[in-house]
Amino acid sequence: MLRLDGVSKTYKVGALARKDLHAVRDVSFELRPGEVVSLIGESGSGKSTIGRMILRLTRATSGTITFDGTDIATLRRGSLKEYYRAAQGVFQDPFSTFNPVFKADRVLTMIRQVYFPGTGDVEWRGRVDDALSAVSLNPDQVLDKYPHQLSGGQLQRLLIARALLLDIRLLVADEVISMLDASTRIDVLNLLADLKERGLAVLFITHDLSLGNYLADRTVILRRGSVVECGATSAVFGDPVHPYTRTLLASVPRLGIRWSDEDLDPGPCRYHAVHPGGGPPLAEVGDDHLVACFAGNDERECV
Amino acid sequence: TGADGPNAGSGGDAGGGYPRAETLFTSGTQWGPPSNWNPIMNWTYATGTVGLVYETLFLYDPLTDEYEPWLAESGDWTSDTTYEVTLREGLTWTDGEPITAEDVVFTVELGQIEQVPYHNLWDYLDSAEAVDERTARFTFADPRYQQWANWVYFNPIVPEHLWADKSDEDVTAGANENPVGSGPYLYETHDQDRQVWVRNEDWWAIEALDLDVAPRYVVDLVNTSNEAALGQLLEGNVDLSNNFLPGIASLVDGGYQLHTYFAEPPYMLSANTTWMIPNTTRAPLNDPAFRRALASSVDTATIVNSVYGRIVSAADPTGLLPIWDEYIDRNVVGQHGFSFDTGEAKRLLNQAGYRDTDGDGLVENKDGSPLELTLATPSGWTDWNEAARVIAEGAEAAGINLVSETPADTVVQDMRESGEFDIILDNQRQMDNTPWRYYEYVFGLPVQEQQTTVNYGRYENQRAWDLVNQLDATRIDDLDGMNGIISQLQRIQLTELPIIPLWYNGLWSQANETVWTNWPSAEEGSPGYLPSMWRGYPQRGAIRMLTELRPAEQQ
Amino acid sequence: MSDDPSATKDAFTASGTGREALFFARRNRKLVGGGVVVLVFLLVALTGPWFTTDDPLAYVGPPGAGPSGEFWFGTTTFGQDVLAQFVHGLRATFFVGTVAALIAGVLGMVVGFTAGYRGGLVDEVLTMITNVVLVLPVLAVLMIIAAYLEVRNIEVQALIIGLFSWPWVARAVRAQTLSLRAREFVDLARLSGAPVRRIVFREIAPNMASYLFMVFILLFGGSVLFAATLDFIGLGPTDGVSLGLMLNHAKQWSAMDLGMWWWFVPPGLGITSVVGALYIMNVGLDEVFNPKLRET
Amino acid sequence: MLHVDDLRVHYRTLRGDVRALDGVSFSVADREIMGLVGESGSGKTTLGKSLIRLDGRMRHVGGTVTLDGTELPIGDDGRMNAFRFNDVSIVPQYAMSAMNPTRRIGTMIRELVTSRGIRFDTVRSELDRRLDLVGLDREVLDRYPIELSGGMKQRMVMVISTLLNPKLLVADEVTSALDVSTQRAVALALAGFRDRDLVHAMIVITHDVSLVYQIADTILVMYAGKLAEKAPTDVIVERPLHPYTRALIAALPEVGVQYAGKRLTGIPGGPPSLRPPPPGCRFRDRCPVAFDRCAEQPPFVEVEPGHSVACWRAS
Amino acid sequence: MGRYFGRKLAIYALTFFVAVTINWLIPRFMPGDPVSRMVARAGMQTPEGVAAMREYYSSLFGFDVPVWQQYLNFWGGLLTGDLGVSLWAFPQPVSSIIVAAVPYTLGLLIPAILLSWWAGNKFGAYAARKKVLDNTVLPIWYVLTATPYMWLAILLAWALGKVAGLFPVGRTFSASLRPEWSWVFVTDLVSHWFLPFLSLFLVAFGGWAIGMRNMVIYELESDYAHYLGALGAPGKLVRRYAFRNAMLPQITGLALQLGVIVGGAVVTEIVFDYRGLGYLVLEAIKSSDFFLLQGIFLFIVIGVLVANFIIDVVYVLVDPRTRAGMGGGA
């Protein structure tokens, strides 16, 4: 359904935009209906940039992103609107996703103005109630309130409800839970899981490995804009190959297991084992399990 | 008042200043830094260049109507077409060279350069020659006695030995630093804000006329504004202010030791006439009847009393200055003169066919089209701006839609020269040796595309112009002859009203008596000279003011 | 002071808490006091001309008379009523301040929003222009322009002042827009298919409302002072009255040397009071909108 | 040895006082790292700040804090100054911006130390040692804060705060803004300070239970301005008694756990308002096991050695 | 860092170019032709005289070549310091008139700008920490900034000069003195300088004090100040840091205010009849001396640009954040 092909993003930074910052380099992956893909990486690795490119909030510098076979870069006004009917996003900070000047339910009204101008009040109210109950929100508690009167979890769910008002098939969830309390967070995660059951594809962006693992069918590990490892979640988490992935996993604080220095040794470069003389960016090391060369992106030689 | 008081720097040269008791501080003439000392550039040279340094053949005193031989010992018409001038004996330039008839001839011949202001001298002058060391003879093709009399007192003689090598540009636009003349003062120094002259101890008049100038230094201060000058005058930092100082009337009796020519209104001598100049090429201003109605609508008394606080006086209908009183034909004025009378103005309008057809209280043109006139005065000329408001109000009261506008003065100047105006104010004729200069201004022909000096209203009356030329060719001592012509001119002027005289501007002059006394005054026993340092006034006798000044008694 | 980054820092916190702001507004002595002064002067400016003569330039009294029962503020050298000139002049002051502030505010906002929201080359160019106008010595430019304008009335004056006062507004608005643009509700609006104009005016601008209001006050004050300066040096309107022109006239007719203090004290006091009260109101507003500055 | 006894700290606001700390009593032993966890708004930061410096709106309403037998004058800003840095110190939540941006770090430290009446030379060598300890180059002292990465700044602040070997160190959310690998380094550095006995006792505030589990000896759980439970780390994780603690632990996903396999559940509802808080047990409304008695505030009592809890069901 | 300055320089160069071009356009687009003006002033009576003079002045002012060449000549003259001839003080070169006036203006402006900035900052920082003081002086400062320059100047001149007679009003030094390095003269110069200086100082002072006060309040609320407080650093150190950091925006503020302050000097010089550039501007305007006006405008523009650049450099030197930001690294 959604396909990224060699997508790169270069930001021009510095005085007179003379410096290039390669935020995303040559990233490719695919998202199928009803599938959750989690995109994991440390801060600044380009996760949000990928999400924004998919939502066409930012344009890719090179590569193509296709949705149902259409290159989204070609979308114009009307067709873009249709694209947004099917693909929506929810962001990290629920408080900044709401315009603090206005009531929270304005995000719903905006959808009505653009997508359902002809809908009657009663019918609309019905839709809103449906969407809210899908995210287990009580309409009386959230409608007609200012954002600061609602909790982060409520706001985040309201945003998902907003997406549900449309017939979305793809949801980009960019760190939707990192600002939430441990207890609230799980509710939102469970909600996403339910949506997946309803056939929704979710791109789940996070830096928290345990959360990425909880939900995802497939996992993509990003480092400095490049994919270092990807594949089925069970494969990536069960048999992390790339040293970076291993470091990440070893650093995750887990209840019941204290940090130790084991598991950090990745052994010889598995990419080179497959492609000794170099080859595609990712090498297949198992069933639905790809990995990049162990060397960083900057070094040419793998030692 | 601290270091700034009149006695500051009284330690003499050693103290770094000009000894106060020996220095005369003047202001009111110089409106930009002293920038040239070229007597030919008679509109811009540093104050004192002519008079204190360069001198003229004669002085002319308008108050007594007398010519006083100055560099010249005498000057006479030896025939109808020849004039001979004899210089005093033993005159020298301040560099020691003798002043000779050749210098006089040279100066006159400079007029052949087109850019020299008196170039038109050669329209009627045939030749000039030095007869001997001291005598110069001028032969005229078409003698213009009045103009020539004007020339001999107004234009200074320059030294040939220093000027002969100058290029035409240098003569007409050069700065002439280090001026060498013959007068009572020498160039001392100048600065952005002042011109300083120091006494010439070898001045010829000390011996020849037993005259000497009292102040050792004359410091002429550059003006920034009139109000600043007032402050300086009140503090005694300026001895003579030739600035327009509104409100001075209320200060004369205020214990500031202020002195004016008259002790009561108008305090000042009248120096020139302010006219309202209608553009006679435009309807309805081309209609003498309308101009007359307009003239009657002006409340001159309010201008004199309120705008000027009575330091000016209302003008005679002819506009001739008080010094020219003898030339005014009272009969003509009695018959054709005008005065402020709103009712009369309305009557005249009605009679001439200007009626209020749309009932707004303002008359329309004869053809019924709306009539709207503007009176332009340069912005920042506050007294004129105020006066223009009063004029506009008076006109409105009479039913004339007259609006006062204040464009930048360059704009007004352009309007004036190109004739792109309805009505303006002007006052470009000073008191002078002959009313011919006045009538030349009023009737000057031919009208050119750009009118740069005369007849801005573009009034065309060949007969009047012929009379003016006839007047010019009349001898200056032929009073009856002059009056005969002038009377005819006045009849034309008052029936046609090409200009509308309103008030006499003063010869602005206020002195502080703290340091110097014996200022010119109308009082019995005081010197009656013109109290002004304005350009052109030293030769009108004002230089004699300096010879009459006395240091104040020191306490 | 006008470009004070501190003023922008917490502008966001202003929003959404309208009732709280109102609560603080009413309690804030600076805001209330300043507001009262401004309102009183506004009232005088609006109604005053009915109580004084129609023509403030008419010669209605004795020349140069001090304040008296008949002429509260005395008369000018010509016998014009200073009070009448004052109330008419106040009108001009409010007019110039408002119009110039509106022009500069709108220009600054348009440039600032465009530069901040569009970014890229548009931003570069606009920022460049802004900086160029910003470093021009504005008063010198205004003087030159004013000196050569043939028609000079209050409207023109307000216009040219407005045309040169916008750059710092543009800079501030751009900076705020940049930071607001990065906020996620803007992305959300884009995801909702809202057009650019709507995003700028319905999403970004309301968040800066309190800031823009304060900017307007500063612009108003600045314009009034600018206008007074121009008037004073004789480059003001060529007709009509204004407080600056009164000062100009008082100076030109030597009110100081003639001891006519009543001629030059009221106009200056009027300007200072109005602008000062507005500035103090601004501090009050800042305190209202910005919790950090509130007195505890 | 830190004793906190019935500490009450309120925030003054227009609409009445917020009772952010409503009677908390606990102690921290020497060489103990105590993790302080709880939901957002439960009063963790308030507690940390109370031990160091009350800000303008905070009011010390009651209770005492005793450190090694000396009572801290926490309500008196002036007298408290003598204890700060020397005896009690903090690594603040905002470590990213805690250093003066326009001063070289070394200069700032020198000025800070000097201002406390200590000659810089005397701590200079110690400073270098500490930098080595947390893995920072000594040359960072010549740099400006902006030239350091987040993790470096965090560690730098730790070094500064502990420079005078305080008896008590409060570390507030020191790792929240960092990514996992840096988080680990910083947390371990923190534990290192205790291990080398540079700090006697430490309170580590976080909302991440799994993180404190890695380094803390005991964990104190707060809920809505009150203490819920305190116990040694393993006890809290394995045998929590308070229903809130249990729910909190249960809501933590772990690597390897998938929703399909083990669906975690959150805690329904939200914490009560603290302005003023409702009577009785504050967790009552969200508690699956609440009963009548909960209308009364349960005391915070020790149910076994080192394990205290505030719940009627538990005691 | 080089790139940062490159960019700044580009802006300044562009500003300069724009300003010069505007400047060049002035006499060519505005009403009133300088040539006619000179001719008219001379009162030429004969048509030949008028024609000859026109020709002379046209070539003197360089109006006798095609427009593009006039523009190039203008730049050429500019770069060689030839700003043409003044009409107001004909035939003095504009440059020498400006050179004579500049010391007075700078003597007035530089102390007024720097002292008001320094004192305003000191005082503002001081007031920020004392609630009572703050509440009393803040309104005064606001009133000061709200005061029209000229009114304050008039009041000072009237009260201290005319009524109290403490200081002379008008002129740069007494007319009775010769400019020289003597005690009498210098005292006189200073006593004339004082009131204009004071008026400029006062009006600017309020603005700086307010700015500083606000900045310090924010700085005292910032994280590093809280951290220092938590470590028991004495208030003195915290305030010193707050002051230093608050100073940085004030430096930028100084650059921005320069243009405005130049304007203030114009007015002050008018009120006090002080012969600096401001007085020249007005004279040039009054007498439509385009060339002088062009020259002064250029001078002011260059002055403001140079001052801005210096301030930029200073700013970079004192604020590590800009340096780090500029490097592009960090």
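Note that the chains take the letters A, B, C, D and E in the order they are written out, and that residue 1 is the start of every chain.
Quick note on the criterion: a contact is a pair of C-beta atoms (placed from the backbone, for glycine too) under 8 Å apart; a residue touches a chain by one contact, two chains touch by 3 or more.
Predicted model, so just to flag it, every value in this text is computed and none were measured.
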item: Required minimum of steps from chain B to chain C, each step between chains that touch; value: 1
item: B-E compared against D-E, more contacting pairs; value: B-E
item: Chain whose Cα centroid lies at the greatest distance from that of chain D; value: B
item: Chain B and chain D, separation of their C-alpha mean positions in angstrom; value: 93
item: Cα-centroid distance, chain A relative to chain D, in whole angstrom; value: 32
item: Inter-centroid spacing, chain D versus chain C (mean Cα positions, whole Å); value: 50
item: Distance from chain C to chain A - Cα centre to Cα centre, in angstrom; value: 48
item: Per-residue multi-chain contacts in chain B, two or more chains; value: 225, 231, 380, 408, 411
item: Shared interface positions of chain E, touching two or more other chains; value: 31, 162, 270, 286
item: Multi-partner residues of chain A (each touching 2 or more other chains); value: 16
item: Chain C-touching residues of chain A, taken from the complex the two chains share; value: 16-17, 52, 55, 57, 80-81, 84, 88-89, 91-93, 96-102, 107, 110-111, 114-115, 146-148, 159
item: Chain B partner contacts - residues on chain C that touch it in the complex; value: 57, 59, 63-64, 77-79, 147-148, 150, 234, 238-239, 249, 251-254, 256-258
item: Parts of chain C lying in touch with chain E, wherever the complex brings them together; value: 1-7, 9, 30, 128, 131-132, 134-141, 143-144, 147-148, 150, 168, 221, 225, 228-229, 232-235, 244, 247, 250-251, 256-257, 261, 264-265, 267-268, 271-280, 283, 286, 292-293, 295
item: Interfacial residue positions of chain D with respect to chain E in the complex; value: 52-53, 55, 80-86, 89-90, 92, 94, 97-104, 111-112, 115-116, 144, 146-147, 157, 160-161
item: Partner chain E, residues of chain B touching it in the complex; value: 1-4, 6, 8-9, 11, 15-18, 20, 23, 25, 31-36, 41, 43-44, 114-117, 119-120, 123, 169, 172-175, 189, 191-194, 219, 221, 224-225, 228, 231-232, 235, 237-238, 380, 408-411, 413-414, 417, 448, 450, 452-453
